Every structure is written in C-alpha cells, then in structure tokens.
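Letters are used for the chains, namely A, B, C and D, taken in the order the chains are written, and counting of residues starts over at 1 for each.
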C-alpha cells in the first residue's frame, strides 16, 4: 500500500478523530473537569492520541525513503509526542482546506477570505482553550470567556494588557496567536489590494482587449489580401494558358 | 409589487429613519436620560424599530421564494429582533454607499478612501455609543468622551489599555471595532499599494502604448500594400483586356 | 499680482518662518520656560504667527474667487486662528516635499520611502512637543524624552499604555499620531508590495518584450514582402511596356 | 589590494567573528556573569571588537576616495566606536543574506519569506539580549525569558504593556524592534498581495499568451503569403522568359 493512498483514505477519518479530540479537550478545559468526568474526557483524548500515533507509525512504515520522511516530518513527531502541543493536532482540520489550491481563479479571492475567516475563528477557539489550560492555575485568565476575549485582543494586535499570559506555555500560545494575527492582517490587506489593483487595471485590460481586436482586424486584412493575390494570379494565369 | 422595487423606493426613507434612530439613541445614551426625557427618546427608538420590523415583514411577504429569503436574511432578523444589536440598524446608512460599486474606475481609489473614512467615523461614533451604553454601570467607560477615545485607540489597534471593556456586550462591540480597524488598515494599505503599483507601472503602460502604435503602423503598411497590389493588378489587366 | 505667483515666491520664506517657529516652540515647550525667556520665545512665536496671518490675508485678497477660496481653505483658517492647532503650521515644511509628485518613475519608490521616513520623524517630533505642552500639568507625560517615547509607541501602534494622554488636546494629538502610524504602515507595506510585484512581474515583462520583438520581425517581413511585390511588378511592367 | 576584494575575502571570516561575538555576548548577558567568567566573556568580546576595528581601518586605508568612504560609512564607525551599539555588529550576519538579490524570480517570494523569518528571529534574539543588558538593573525585564517575551509582544505590535523599557538604551532598542515589526508586517502582507495578484492575474496572462499565439498565426500567414507571391512571380516569369 502506498503512502499517498493511505493519506488520501485517512484524510476524512482523521479529521473526524480531530473533531472528537476537539470536543473532549474543550469539555475538559472549559468545565475544568474533576473526578469521573475528567477520567472520561482524558480517556477519549488518549484514544484519539493513540489514533494519531498509529497514523504516524503507519506513515513512517509506508514511506519509501523512511529516514528522509522522518527528517522532514519532525513537526508531526513533535505534535504527537509532546502533550503541550496537543492543540496542534487540530491542524488536521486546516489541511482539509488545502483543497483551495485547486480551485479556479474566478472566485479565488472570495475563498481566501472564507478560508482566512475560518482559520482565524478556529485559531481563536483553540488558542483560548490552550491558554485557559496553561494559565488557569497561575495567571489571570481563569475562565473561557476571558480566554476568548484575550485571544481576540491579541489576534487583532490591539493588546490592551488586561489579560496577559505569564506561563511559558501560555506565552508560546500567545506568540502563535500573534503570528496568526499578523497573517490575518496580511491576508485581508493583500486581498483588498488585489481587488483594487484589478478594478483599476480593468481599463488597462479593456485597452489590451482593443489591441487584440486590432490584431484580429489586421489578420483579417492580411487574409483578404492573400485571397485577393491568389485570385488575381489565378485570373491572370487562366487567360494566359489558353493563349499559349 | 416586486421586492426589488420596494427596496429601491424605501432606500432613502429608511435611511432617514435610521438617522432619526441615531439621534434619539445618541441623546439617550450620551445624556444618560432619566424620567420624561428617557420616555420620549425610548418612544422614538421604538417607533423607528417598528418601522424596521414593518420593512422586514413587507420584504418577507414580497419575496418570491420566501423560505430562501428568510434563510439568507437571518442577519436582518437578528438586527431587528435583538435589542443588543440595535446599533447595527445604522448599517442602513452604509448600504447607501453601495452606489460606489457602480462608479467609473477613474476616481475609484479616491472614493474608496472617502468611503473608508466615512465608515470609520460612523463606526467609531456608533461603537462609542454602544460601548458607553454597555459599560457605564459596570466598567470604566462612563462618559462619551472616554468612549470615543477608547474607540479610536481600539480601531487603530494601538490598545493602550487605559479603558478596557469588561461586559460581554461591551467586548462584542470591541471585537467589532477591532475588525473595523483591521479592515481600515487593509483598505488604506491596499489603496496606497494600488497607487504605487500604477505609478511604477506607468512606464510599462507607455511601452504597451508603443506596442499598439507599432501595430497600427504595421496595419497601415499592410493596407498600403493591399492597395498597391490591387492597383498594380488593375493596371496590368487594363492594358491586357484591350490586347485580347 | 497673481495668487499662484505669490504662493510660489513665498514657499521658501514661509518654510523658513516655520522653522523659526519650530525652534521657538521647541525651546518654550521642552525647557518649560518661565520669566524673560518665556517672553522671548512667546514673542518669536507671535511674530511667526503674524507672518502666517499676513500670508493668509494676502492669499484671500489675491484669490480671484474669494468666497470659494475661503470655503476651500477653512483648514488654513483654523490653523491660523486656533492656538491649539499651532503645531500644524509646520505642515508648511511637508508641502515642500510635494515636489515628489513631479519626479520620474525610476526612483519613485525610493523617494516615497524617504518622504515617509521624513514625515514620520517630523510627526513624532511635533506630536511629542504638542503632547508635552498639553499633558505636562495634568498627565503623566512630563518630560520631552517621555513624550518622544510615547509618540514612537503610539505611531508603531504598539501602545504599551505606560504613558497615556488624559487631556482632550493630548488625545486629539494622539489620534493624529495613530492616523500617521496607520499611514506609515500602509506606505511601507505598499512600497514593498509594489517592489515584490514588480520583481515577480519582471519575467512577464520579458515575455511582453518578446511579443514586441515578434511584432518587429513581422513588420520587417511585411515590409520585405511589399518591397518584393513592388520590385516584381516593376520587373514585369518594364519588359511589357516595350512589347506594346 | 582592492577594497572590493578585501570585502569579498573577509565576508565569511567576519561573519564567523560575529557569531563568536554573539555567543560571548549572549553568555555574558543571559548568565549575568560575575568574576572570572565575566573576564573571559569580556575578553572574547574585546577581541572580536578589535577584529572589527581592524577591518574598519583596513577598509578606510584601502578605499580609493578615503574621505568619501569615511563620510558614507559613518554608521560603520558608530557601530565600532559606541559600546551601546555593540549588538549591531551582528548585522554582518544579515548582509550574508544579500545574496538573495541575485536569485531568480521563480522562488523569489519563498526566499523573501525565509529571509524575513530569519531576520525576525535574529532581531528578536539580539533585541532581547540588548534589552536585558540595558534594563536588568533599573527596569522590570530582569531575565532572558521575559526579554524574549517582551521582544515578541513588541515586534507583533501587540504591546500588552506588562513589560516596558524605562531606560534610554532600552527604549532605543524597543524602537528598533518596532521598526522591525512594521517591516515584518509589511513584508508578509506584500508577499501575500503579490501571490494573490499573480494568481488572479494568471487568467490575464493566459489571454496575453493567446495574443502571442494569434500573432504567431498572423506571422505564419504572412510568411505563407510571401512564399506564394514569390512562387507565383517565378511561375509567371519562367514561361515568359522563353517566349522572348
């Protein structure tokens, strides 16, 4: 069995597992579970983790050049091996959107905006979860509403400073949100720029269209000339051949 | 009566109603009305609300595919039904600016800038009103000057943190202002980028103009050739016909 | 005497007056002058103010359509009439840079960057002066170094919140700096975007160059054809004429 | 020996010296060295400094127009002469990346992103070192983790305000980080804009390709016409020559 086929066939099942993980993780973190509920949530999280580990190992076995695959997928290893990077397993959901690369240019900008909005909402939700998990005991971010608010304030690069992470993990999550925020501003600005440039360039395109039309006229004229030359030569040869 | 015609004919009257609502709402919030004045303001707001509800119902009745219209206008329903979303009724005023889409390309950028400036000022004003309304009793934003200052600081993504919303509604308003701020930065940057790209591309366009001019020369030359060929053939046939 | 000529001839003298004003104003604000020194500084400021008032009146008299000039130059009136807008008189210095609009496209981007850097430095300096003037007695910004630091933090939209204006004038100055900051980010991003777009488009331009070269080849070929046709007809007519 | 050759041959050795300086400086600042270790680190730093001074002097001697070189390299002098600007010696490492300017357009954007990421990480690391060095005794930034966190918060222009520099040197470093942050946002946005513009323009390019193909068809047609004309004249002259 080929690696590419495995990846293709496990794309949707693993996304489903990621969703299950998201629900269990959300429940555990938001409700700050204790006792039997915590055991249930932790069990579900461990099962989804086992699935991701299995997927990693199968991919490693299926890879043709195993050592090269290992070196180029250290990030995947880290996500599977380090509990602190658990939320990154949700990146599975983002890869589903990679289908965007295969769309036509017509609605390209519209899809980029939808993609950016979706990825931003997912990032805010996941970052708020991870931040709450990391900061609850030591920091000021002690409930989910505050964590969502903090994520929005950070992502927009406003940064009031009313809630600020103080733990190492919380700060790493914050840096991730900042990078996401810069990327979001970049995507929005770039999409707008592309739209404005195109609108303004429309008149230029009209002009180019005119050039093409000129070219067509010219081609028609040359074709007519050719026809005329041929017809004339034919005319002149016909009366000459019999005269010989 | 058609839905499109209804929308066209109610465009300006509803904008006027939105302005009346804006004035009454501003008066109520800024002056923190009590007693008879509050009753007057609240009555005016309720009357404008009734107009918006009426408009929503008439549109629903006039829509050809009612269920589809309902599903695609959930946002309009929310604005009409939820008191907390009252300020969004002023979006009516923004839709008036949609006329922009139909302008020529020539002054496209200038109008975008005017539109962005107008929308930003309206957003700052309305957000300050809504924020003051939401935060006055619980938060630190207790007068209109502070609310305007807070809106400017948030919209520019500076975010000093001297005034920070603490209520759920206040934070939702803040997220709206942040999104507006990111959009404003995007619009300004994109417009500038379009302008610079065009200025730099001007020399390229000159070159393209030259290409078109070359093409014209070529077309003239082919036309001259064709004329010449035709004239020569005519010349040669004239002396031959009589010789037959 | 024409208005345009007056403006052209007073351009440099008024810029010099603006510099004198800048020095006197800086001295007064930074040193927080008292006693005779304050009188000297204030006198110089008043003299420069008188020059600006005189310039305003002369322009009003020279304007052909006086009422229209008045209506379109309300901003100039406000800068001259309102003491709080004194720092805006330094905009004179910025207008000198308007010469940029007349430069060639070749170094357009380089000059934009220099212009943006110069305007940013001037804005930071002037805003810090105005902020210190406004906040010294009531706020936390009580020395020039802090005012410069505050202006940089605001302009970059970082907004730590360690120094925050609390007076109305101080906040208006801050909003001006925020707008300047957004504009600066926009200019830098747009210039970079223009540069990258051009670099990437270079290969496209090479292709266009190739198109032009193809077109030239075609034109040469048509010209050769025309010459050939003419030569052949001449050849054929020469031997025929004598045969008649 | 020519200056250009000297610069070319010392490029890599001086980068290595800069790395040695970086290690010694990091060790001294992060570990807040005292006693013999501090002496070792300081000695290494002084040796690398001596190398940079030597390089500066050799360049000054080798320069053909010495006074002009001196005036245009005041920045290099400042970096060598002022201890507070020590971290800027690491700019040596950035110049190595100047090789980027010579790459093909194909992967231009990819390399810009890698370059921006690399420069950002270096800037964050160096700024955190310099900030810790400047602020440790007077400010709140008293350990390296806090300094890195502060640099990230500043560079992203989030600016929570939990850590704020209070010394002159610390604030100058902060302004450098802010400028870097604005540049980073600009580079990311510009690269995205270029990519989107190109994707959307792809269909335009297809159209241009079509124009070129039309042109080729036309050229073929003209060539065929020419061939035909030539063949026909040859045909007609062959039967005439023998008839003479």
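As a working rule, a residue touches a chain if its C-beta (ideal position, glycine included) is under 8 Å from a C-beta of that chain, and two chains touch if they have at least 3 such contacts.
Which protein is which chain? UniProt says A, B, C, D = Potassium channel family protein.
Because the structure is predicted, anything quoted here is derived from the model rather than measured.
Summarising the inter-chain layout, the chain whose CA centre lies farthest from the centre of subunit C is A.
A repeat of the C-D interface exists among A-C, A-B or B-D; more than half of the contact pairs are identical by residue number at A-B. Fitting subunit B to subunit C on CA positions gives a rotation angle of 90°, reported to the nearest 5. The interface with the greater number of C-beta contacts, when A-D is set against A-C, is A-D. Subunit A and subunit D have Cα centroids separated by 27 Å. The geometric centre of subunit A is 39 Å away from that of subunit C, both derived from CA atoms. The set of subunit B residues touching two or more other chains comprises 157-161, 185, 189-191, 193, 197, 208, 211, 215, 218, 222, 225, 229, 236. Subunit A makes touch with subunit B in their complex at residues 145, 149, 152-153, 156-162, 184-185, 188-193, 195-197, 199-200, 202-204, 207-208, 210-211, 214-215, 217-218, 221-222, 224-225, 228-229, 232, 235-236, 239. The touching residues of subunit A, counted against subunit C in their complex, run 157-161, 189-190, 193.
Residue ranges on subunit B touching subunit A, taken from their complex, read 105-106, 108-109, 112, 154, 157-161, 164, 168, 171, 174-175, 178-179, 181-183, 185-187, 189-191, 193-194, 197-198, 205, 208, 211-212, 215-216, 218-219, 222-223, 225-226, 229-230, 233, 236-237, 240, 244.
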